[in-house]
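You will see two complexes here that share chain A, one where it goes with chain B and one where it goes with chain C.
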Partner chain A sequence: MDKIGWGQLGIVLALSRIFAEAANFPSDDINYGMQRFTVIVLSYILLGIALIPVYILTKNDASVISCSISGKAGAVIMIIYLVMASVSTTTRLQFYTSSTIFDAAPPWILILFVSIVCLYGLFKGIPAVVRTGVIVAALFLFLLMAVIIGVSDHIQPDFLYAAFTDRPSTLFYDVIAEFSKNGELVIFALLCSDVRKNAFRSLYVCLPAALGVQLLMTFLYNTVLGEYLNNTSFPFYMLSALSDISLLQRLDGIDVVVWVMSAVIKISLISLAIYSACTKSFLNKKGARIAAIAALIVSGGASLYFSVNTNDFLNFATILESGIPLITAGFIIPLCNAMFRFLQKKKEERYENS
Partner chain B sequence: MKILKLVIFCLFSVTSLSGCLPHTELDEQAIVEAVGIDYADGEYEVTVQYFNMEGTGGSSPIDSTKANVVNISGKGESVSTALNSASVKCGKSFMYGITSVIVMGREALKQDILKTLSFAESYYQSNTSVLVAAADGKASDILAVKFKDGIISIEHLKMLLNNSQSYGLIGNVTVIELLREQRRSYAGTILPVLSVSDGGETTDDGKNVLLTGGMLLSGKRYISDISLSDMSGIQLLRKNPQNTLVSVDSDNEKVSVTIYNIKAEIKHSFSEGKLRFEIDMRADGKYTDSQLVDKDLTFSSKIEAMCAEALNNRIQKALSTTVTASGCDSCGLKYRISSSDYRLWRSISENFGDFLREAEFSISTDIDIDRFGIIH
Partner chain C sequence: MHERNDEMEKNLEHNIVNIRSLMNNTGDLTIKNAMVGQVPVSILFCEGQINTNQMANLVFRPLNNIGNEIKLTGQQLMDMIQNQLLIAGEQKQVSDYDTLIMFVMSGFTVILADGADYGFAIGMHGFDRRSVKEPSTSINLRGSREGFVEAIRINMSMVRRRVKSARLVLKTSKAGKVSGTDICLCYIDGKADKKLVEEIEARLSELPLDMVLEGGYIQPFLEEKGDLLFSEAGTTERPDTFAAKLWEGRVGIIVDGTPFCLYLPKLFTENFQTLDDYTQKPVYTSLMRILRYVAFLAAVLLPGFYVAIANFNPELIPDSLLLNLAASIQITPYNLMTECLIVHIFYEILREAGLRMPTDLGHAVSIVGGIVIGDILVSAGLVGAPVILIVAVSAITSFIVPDLYNSIVIMRFSFILAGGMWGLFGITITGLLYLYKICSMDAYGVPFTAPVSPFSLQAMRDTFIRTDWRILSRKNPVPSDLNGVTTEERRKNG
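Right, the complex of A and B next:
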């Protein structure tokens, strides 16, 4: 299979991460206030700290974090987490599109069409999905620039105030919830072996890019929408609808296109990561492909169920937002893999020296 | 060959499958230009003004000598049901994507504004940057006046509001601004008030629409009427107006000065349980219709001082009519405090309205007339 560049993977992972910012559920904590900036920065600091040991142990060869040392159990845990992330992404996308411009479309059509495209992505492989993802990322950047220009007249810096936190009681929970949205780390752990070289550099692109864009979006939310942000289900959609530039009066249609494409890329990456986890641990290529397709079907079915049982989805989302699934699948297992590999290497070196 | 097959397949899909989807042709939609909302006998009455492509009798689809719009009304327990009723009457589905103005009648403004305008924020087609204005009486009367000096009638009202803002008379209010502010219990929003009068030369019935003042809203409802002068005073503090006109008497001679490049700095302090605001305003001025012949430059100094005093009085009166009289924050004072002293804001936010009633304002204005016109 063709390999991909670390820059490409970094950009696509950043796009996938930013999708979580756009298609939030109404219950998600994107409220007006300076605390949001603090929450984002703290969650990335936490992420950086958590990545240090993995980085030190893997330095030149990040692919060891996805090797088969943790065995089938590790792979199964990662796959379960990825299926949960896929369900969450598909449900959020369905909720977002049916709440905005596809208000009359039945949920199954939205889920089915997205799943078919993701299935196609799975068959085309990582290089094709990543290349498409880079194009979508460019489209997203265009949208972001157009929105910034379009709402520049509405920006009111007075809406900002000097406080790091205004809801101390929720700060910890908010940081953990924000941190738990970084499911891209599991995708990275499983796909980094498909990067030509210097796979760890993908995170040097992904994390600063995602952090910068999130802070910029939060700045726009706070200075344009102000306290109205507390009542907005999809703040970026609202900004897009407010945008008014001479060529493009309303950008909300483009906004939906961009997020649908981002979700397709994200779900395709998840499917490819599941395929990768299966081939590395316990299945041949054919079996792994069937497993990835099964995961897509499960994800679509669960999203269909959640589309009419919103409360159940909120309970499901609470499990993801607790941070425990991500810590297990995104840190503990890769760290175990890396440590085992590190110790194995040392042992081999000692053996060779003696 | 593979690509050719793919292209043929795509073309076939595009030409054949699109007919399977439910769709609405453009001429089956009523493109809504303005919505008027009234309230009477416990129900809402909406007047929808929509673009009429061919019904005006012109030889071309858009006849520039006609108003090109049609009004239709509907009633219901909520604005949405009233809009549905109007749509049923009209026989077309409404498209709100390019709606320019929402006019609200006096009685409608006495209802919960968040509920009344929820249709404008929750429906995906709606645009929260639509301008909102108040009608002195009924909104339907305002929309009944159809102007012919634009491609569509509502352009006239939009230009009236935008032009008034550029002269510092009013601050235009959009749906998002109105809803954002009215969610704060002590916030004040001033809507420009439109009234029907005689003397219109661009309407068939000789009617005209004028800007006659403002309506102060707070706590989601109408509070009081205010004058154009008070609106202008608040506008000087809220958003930087492009300019405003001041006329002063000097030696029995009227001198008008256009004030521009206006910058207001508001500093606050809190002591003895009282909020104090120091407003420091700086602006440039230019003579509009002065009689500078035979006058030296000391005349300008005198006029500058008189203009400054006139502006001070205008702002002081506007603040006493809105902020101190009603305890509502009509000029964004909350943001001035919270952006610079968030701790103080936290301590006073619960009873901010009471603090505003007791607040003291000191205003100093410095005007520098630097343009003298082309006569001398």
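Right, the complex of A and C next:
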């Protein structure tokens, strides 16, 4: 399989991460106010701290974090997490699209078509998905610029106010919930072996880019939507609906197009990560492909179920937002793999010296 | 009975009988018998393929000058022809029937003598050929007016005239087991990747075709399997474009019998480049390049996008325009998707008719198509005027990128169907399928979407914009620079 560049993977992971910002679930009850700046920054600091040991252990070869040292159990945990992330993404996309401009479309059509494209992406391989992702990221940047230009007249810095109005416990839960949205780390752990070299640099691109865009979006939410922000389900969608660039009266249709594309890229990446986890641990290529297809079917089926059982999805989302699945699949297992490899390397060096 | 690959004999009579038999007594084989130096001699050629004046001056006259006063053996006569007579530039010794027949059918004259088990093939092609004219495609404002013709040798000379360097390699071979078509592989040594040249040579040598009548016959064998929409092989009718592509590290293939030459690999962004881009000011060129990309997107997406927005999301359209659209939609009996498909199918039929029918009748088709059908469709209320406008715009814009016309038509129809049935969601899903398809393509190890994704800053100076020649002339990126692998990595990997 062809290798990809670290920059490409970094951009696509950032795009995937930003999708979580746009297509939040209406009942997530996210506080988009000024405190969100603090929440975003703190969640990234926490992420950075958690990545330090992994970085130290893997600075020469990031692919060790996706090795099969933790065995089949590790791979299964990662796959379960990825399937959960895929279910969450598909469900959020379905809610987002049917709550915005595709209100008449039945959920099964949305889910089926998205799954078909992801399946096609799975067959086309990681270079195709990542190259497409870079083009979609460019489209997103164009949209963001168009929205900024479109709403520039509405920006009112008066709406900015001092943060820390909430209790520390609320802040803590918000930070953990925000931190737990970084499922891209698991994808990175499994796909970094497909990066040509310097795979860890992908995170140098992904994390600052995602952080910067999220802060910019939060700034726009607060300064444009002001006091209406708390009544808005999808703030970025609202911003694009307010944008008028002459050619199109509003950009919300384009906004949804971009987020559908981002979601498909994210689910395709998840499918490829599942394929990668299977091939590295316990299955041949054919078996791994079947497993990835099965994961897509499970994800689609679960999303279809959640589309009519919203409360069940909220319970499901609570598990993901607790941060425990991400910490297990995104940090503990890769860290264990890296430590095992590190110790093994030391042992081999000692043996060679003796 | 002799086989084609048998060696010739010393007996001229036997040789002639065998040749006639192996060529199935074909009617265009002409054999002139004579006595030269008291040796029976036969001159073989295919009627209509040789220049008779040249033959009289360069073959008959020198042989007559030898006369019959002196007595020679067949071997001595052949030695004399080879060493003492300057007959023609192209003079090759042939000793087996297969080669001899191939030369005769390629427009060579072959001299055989009794007592010699070989002959001489002398090049004096004289078949009627089209003169060099301005190419019918890829018209440019500035630059050469010469276009390739059907004769391979003339095409090779046109390339050579533009690249007078020993680094330009022209390798000739045959393709097609029955047609025996001459093909010429061209590349610039040091520019084209050696692996690329070897790979193309290997593919050409394994062609399973019996007949090769045009470059399009061999093109699928040079592309990856399953590339049904886009091509990794480019075609050009212009020798200057061909030479420029060779300098950019591409490998060219000239096929006898067609003015369209192939070059490989071709990247997606190359569809948006023309020769005029390099002769005009960079600012204007850059603007034109961007317009070409916009035109491509309009040609592919505009009808589908219009159908999707007008059907499902009219709120995106400015109010004043929306009122006009609503008025026209109300008076037509069909839905927008059907209208759009009807007009597009009409347009494609008219285009196809205009292309195939005699040129003189083309004007009649234009009148019938453009005025009668177009006008009546609207005035009869079958189709709304906005749809005609949208189709016209997308039709015109599709000609701005002629190399992608076929792909544009297929994509346009699919976007109309997707937009009509599922709105913007359908457009998005279809667009993603195409993006995955395009992004998965590799042209001989170079991603088809390079230098956009994977991104190459160096190549960007001649992608969406075209920088000044002073910058372009610094280092010309070749395909192997665009596969996302840095020079340092390539060096490490050997």
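Going forward, the second predicted complex is superposed on the first by the 344 of 354 C-alpha atoms of A that agree within 3 Å, B and C clash if a C-alpha of one lies under 4 Å from a C-alpha of the other, contacts with A are read in each partner's own complex, and residues count from 1 in each chain.
FYI, a residue touches a chain if its C-beta (ideal position, glycine included) is under 8 Å from a C-beta of that chain, and two chains touch if they have at least 3 such contacts.
Keep in mind that this is a model prediction, so the values were computed, not measured.
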* With both structures lined up on chain A, is it a clash or a fit for chain B and chain C? -> clash
* Asked: Just chain B (first), just chain C (second), both, or neither: which does A:Gly226 touch?
  -> first
* Asked: Which partner does A:Thr132 reach: the first (chain B), the second (chain C), both, or neither?
  -> second
* What is the contact status of A:Asp158 with respect to chain B (first) and chain C (second): first, second, both, or neither? -> first
* To do: Could you look at A:Arg250 and tell me whether it touches chain B, chain C, both or neither (first, second, both, neither)?
  => both
* To do: Go through the superposed model and pick first if A:Met238 touches only chain B, second if only chain C, both, or neither.
  => first
* Should A:Lys346 be classified as contacting the first partner (chain B), the second (chain C), both, or neither? -> neither
* Asked: Where does A:Ile101 make contact in the superposed view: on chain B (first), on chain C (second), on both, or on neither?
  -> both
* Once the structures are superposed on A, label A:Lys285 by its partner contacts, choosing first (chain B), second (chain C), both or neither. => neither
* Structure fact -> Between chain B and chain C, more residues of chain A are touched by C
* **Doubly contacted residues of chain A, that is, touched by chain B and again by chain C** => 101, 104, 249-250, 252
* Asked: Touching chain A in the complex: which residues of chain B?
  -> 22, 97-98, 124, 127-129, 176, 179-180, 183-184, 332, 335-336, 338-340, 342, 345-346
* Where on chain C does chain A make contact in their complex? -> 309, 312-313, 315-319, 422-429, 431-433, 435-437, 439-440, 442, 447, 449, 452-455, 484-485, 489
* Structure fact -> Listed in rising order, the residues of chain A that touch chain C in the complex are 2, 4-5, 7-8, 97, 101-102, 104-105, 109-110, 113-114, 116-117, 120-121, 124-125, 127-129, 131-132, 134-136, 196-197, 246, 248-250, 252-253, 256-257, 260-261, 264
* chain A to chain B touching residues, read off their complex -> 99-101, 103-104, 156-163, 166, 225-228, 230-231, 238, 241-242, 244, 249-250, 252
